[in-house]
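Structures are listed in the sections that come next.
Two complexes, one shared chain (chain A), two partners (chain B, chain C).
Right after this comes the complex of A and B.
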């Protein structure tokens, strides 16, 4: 054979030249898909959960202007008022204000309405902070367990150990170990959630790391940390958002439980849990002490969970296929 | 010849927002007794929708808009679900592409066939057992007692497909619908299954509607052929007429796109520098160890190959032959167990990550699945510039190069800021080629890079690869299971079986006069080799 390879213009499989030339204009036709946002906006669970949650956030932010008084104020003259009753309350400066107790008052003469509205702040902050904290730590643990082979065993055994202890027990132990404050409560609630996030992320990483685009990145010489954070992490976001909503809902509940048991935030800081705890003894005569914070707690947890379900249905391609 | 299946003016709708209003439009088709009609089309042509319509399996989103479907004169579109259940298996049956998912994994094969008999006949258990045995013998499965007692996962793909066929034909239906029944099978298994379908069809006088995308299979099995294109039937004629003198331009294009099995002669420079050579390359997977018994699998053993600049080496083999393992060892996506992988002057087989880093760019891979080889959350531009930027190219310079490469792979450079899901499979595969070329590699590995593509798109990508190899003077390692593709692109061919290279030589020699029995069997099984495809 001659030294120089021959160059045939008609090389390759027999494909007509017109068809081949047509390739250059082909890119004009692209598939258009509806964006994630518009799909989210069409989902009823997302709509209902989102609106309820937005309302709660609004209430929590606007608590000072919604006809409330300082939630720490009490007036022995206005003890155990029924919802809607008018009474008086003394400010810190010693003035006496006329005040309508929309949700009644407790046995110290504090305004339940004000306490519940301010309590929403604590619950929402705890929910969001716990979700963010446990997801951040869980993602770091899960990514390293999934991508760094030798770390997998030790890391997951530690997580198994954490999972073997009931979450609420760990939280109680941690809070009693430290002084109860917003920060310690958030950390105590977030830690038991970490193993679940770690397991989720690890299993996602194990399947994503086998995807051809990750192998392509390896052969493109992309360093390992950039493969982990640039290729693998972004593709775990959707399930993580869903998991985050569930963690938030459960954190709000756990915070209420801790407060109810008396190991949570001190009673100067009103939370739905400690309002209910204080109303518990008088529940038979004055159910409103427990009822109103209970309703808010239920609606809040429900809203977050509904939102989570909607997000899962829209973001998870498997669920979307089943629905469509 | 009486018609078993008659489809008249059938139109089936698509959900709103699709690329067209109707999945199939005004389709007319008849299948006579003892006749095999092939329904051919590329993906999205609506061929499977027709099969589903006949079986009464259409999903609710695809309503029949007009037309009629008659099975031996009975109107199927007017039939109640109850009546359709009575007809299925008794008078019409279907076999599917993926025998593993079509069989129930937790039921023994015998019990699955028995279920058909119990549902549709009044036979007593002894008669049913006898019938199951005889049908299993009829589909040529060895050792019927063992097969009856086996679960699907204990059988091979070909055996599972035989069970499917046994189940479909046990009640001797008048019509058999086969939806890509051999697409998931190896070529030698495919040849056996095709032979079996033909044999049983002749014996029972069954009418067969055979759906396929593969013209080789058509040439092997069809009596008549109907060609579908985006829901329209463009041509329906006797096989020989259609294959030898296609009338419609689309049919002509499809047939011309099928690569010829006769290797193309190409002057290969025997003195060109060797880009890559492997010596005694082996990969052993071992499992178990601590508690379980140690279990070793030799995925590749003692593979010795070399590729020169400007030339293409093809590795041909069936699934499990180890061809992809070799490619992945060469690209160092997995670590070889023993042997030498010489890239230029460097042995990269045992190199550590740091040593390997500067050499990585010289070997680039194009993967099989175009839908999974691009990160869905990055624009194609970002994907293409990633590699060069890893090696210190500035963003602007890399973007510049990406623009030129998009033109080289014949895509609009304006599409660089789009996301992968906005492109078709063939377009994505061209983007993957651009991404690999951005590294200016010396060796391009195409691991089944055209296997997932429709035949016309496949022809485009093959031609593009060919053009690029010539223009950039690259060495190429081409992994494929498809002999036709290998014949068209390869200068040298290595045939692999069970982890070993059984035959290795210039393409013309291997294709012209195969010496190893396995190679000979492989060629004998290639469907449609009696027809000259490729225009």
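Right after this comes the complex of A and C.
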């Protein structure tokens, strides 16, 4: 919600020059016109979270040129190497390459460093996809509940029920029933997030619906869908961006948990959770198998959460106050 | 007041009913034969036929739901063909470790989070306040299993202070029991502490600005008494509410923590059931946890009557 632009008072002509001067100075200091972007750029949480996240995105995109090998490659001669050890890796063509295992290797002789870097891709994609999906569905449900009166009761009761089931259990059950793939994992993680978005959108709609400009639009005979999507939806965007960031952070965590428990993405896909799941068996002798992906996971979620806090403070001051 | 209690108890019925519908639909809307899914991967054709009969699969969907719900209301969660026993007895068997883990976690959380939150609110903007806010962002971000392995590595392997994994029942003595449970509980409590401390801080900050706090200070009450009797007591409702909502977080955490520490509770059962694709057990655990969650939040709502005598409906 940007601050209103300072405006010369209409009664200006009636004021003495001195009084006008005083008024304009005051309004200039009180009402500062700053764009959302410059406020975001000045917020330290946005800066730190944004830079960390940008770095991770860069790592994920540039994974092939960062000294990695194909994350699926393995070499029986290079099993359980410690971080920094030199060894060999066999390519698909059967050639053996010299390779330094920066983060060691796992019990198949795969390069942890390569797997962790490629794992960033999966986590980021899952985070973004889950946020987009649950926001989209939540917005549709919330708009309808907030605007179509007879739908409100039934819709919110269903959401209450959905919220009473622990989210991770819904995800686990869905993944079990559907067999895990990238698509099913994203859907299974997104579904339990929908009620929160729906509630948020509904409460925003209920307050925006009473605004004079919506009343004006209704009295002008604007069709319902145009009021919903043209007048109400744009005003829910700031809180939704904040909510979406938090959903992304939680989705990245849940995906890692599913993989770690062995019910997430198939084990041949390198995800941070999968690397840890494979490493946990030998955790006592070779903790690096679990610790390196764990650190990346924690930093990634931390970055998204910090970014979310910063976005909340700049975009959605009301929510920032509620969260303390 | 009795009216409020009854009304609040009655209000859980529609929620539980919708939970039941959702869980029921989970299986029915999945492509494939529900009987085959329930029987599991290693099912014999006779088994599948028998389950088909029990579920009444040839009847219309609402009738199927009716049959299923009647069984549910009689405490029958079906049979696990993988574990070859009733789901209810399976849950009963695995209940103790999970309840103990949750209880110790809640005790640790409340003992740490509430004082931290009060002090942070009291010294608003001070170093402890800023550290707590930093810690709470971290607490929300570090995954339970990463933290669990870090703690095992540090405390159990490096320092050798505590056993690495496993569970001992209280019946085997309190010493071994708490030695095995303390690390899992600390692991699980971190995210919960982050949540509760944050809410305590916000709620107490608000009550500290009230007139009655100023009056209490003005009449010379010791600061501790002002904080506890006036500020914290009036902030109890939001704190207790979040403790209740946080149970959902705890349930998710239990599944992971029990796997990391090798605790044979409901969380471990869930994972075993998923790996065996044993749907009746998964369904039973979901229903059980959701029921627990709704009931705990019912108790939380009823506790408002104690914490805030102004609430009279």
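Here is the rule we go by: the second predicted complex is superposed on the first by the 284 of 324 C-alpha atoms of A that agree within 3 Å, B and C clash if a C-alpha of one lies under 4 Å from a C-alpha of the other, contacts with A are read in each partner's own complex, and residues count from 1 in each chain.
Heads up, the rule we're going with is that a contact is a pair of C-beta atoms (placed from the backbone, for glycine too) under 8 Å apart; a residue touches a chain by one contact, two chains touch by 3 or more.
It should be emphasised that the depicted structure is a prediction, and the values quoted were computed from it without experimental measurement.
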First (chain B), second (chain C), both or neither touched by A:235: first
Contacts of A:222 with chain B and chain C, given as first, second, both or neither: first
Partner chain in contact with A:212 - chain B first, chain C second, else both or neither: first
Which superposed partner A:177 touches (first chain B, second chain C, both, neither): second
First (chain B), second (chain C), both or neither touched by A:38: neither
Shared contact residues on chain A - chain B and chain C: 324
Residue ranges of chain A touching chain B (in the complex, touch as defined): 1-8, 11-16, 19-20, 23-24, 26-28, 30-33, 211-213, 215-223, 231, 234-235, 324
List of chain C residues in touch with chain A within their complex: 14-19, 21-23, 26-27, 30, 37, 137-138, 140-146, 149-150, 152-153, 157, 164, 198-199, 201-203, 205, 248, 251-252, 255-256, 259-260, 270-271, 274-275, 277, 279, 282-283, 285-286, 289-290, 293-294
Of all residues in chain A, those that touch chain C in their complex: 157-158, 160-162, 164-170, 172-178, 249, 253, 256-257, 260-263, 276, 280, 283-284, 287, 290-291, 294-295, 297-298, 301-302, 305-306, 309, 323-324
Contact footprint of chain A on chain B as seen in their complex: 19, 61, 253, 256-257, 259-260, 266-271, 310-311, 331-333, 357, 360-361, 363-365, 367-369, 372-377, 383, 386-387, 390-391, 410-412, 414-415, 418, 421-424, 427, 432, 435, 439, 456, 458-460, 462-467, 470, 488-489, 534-535
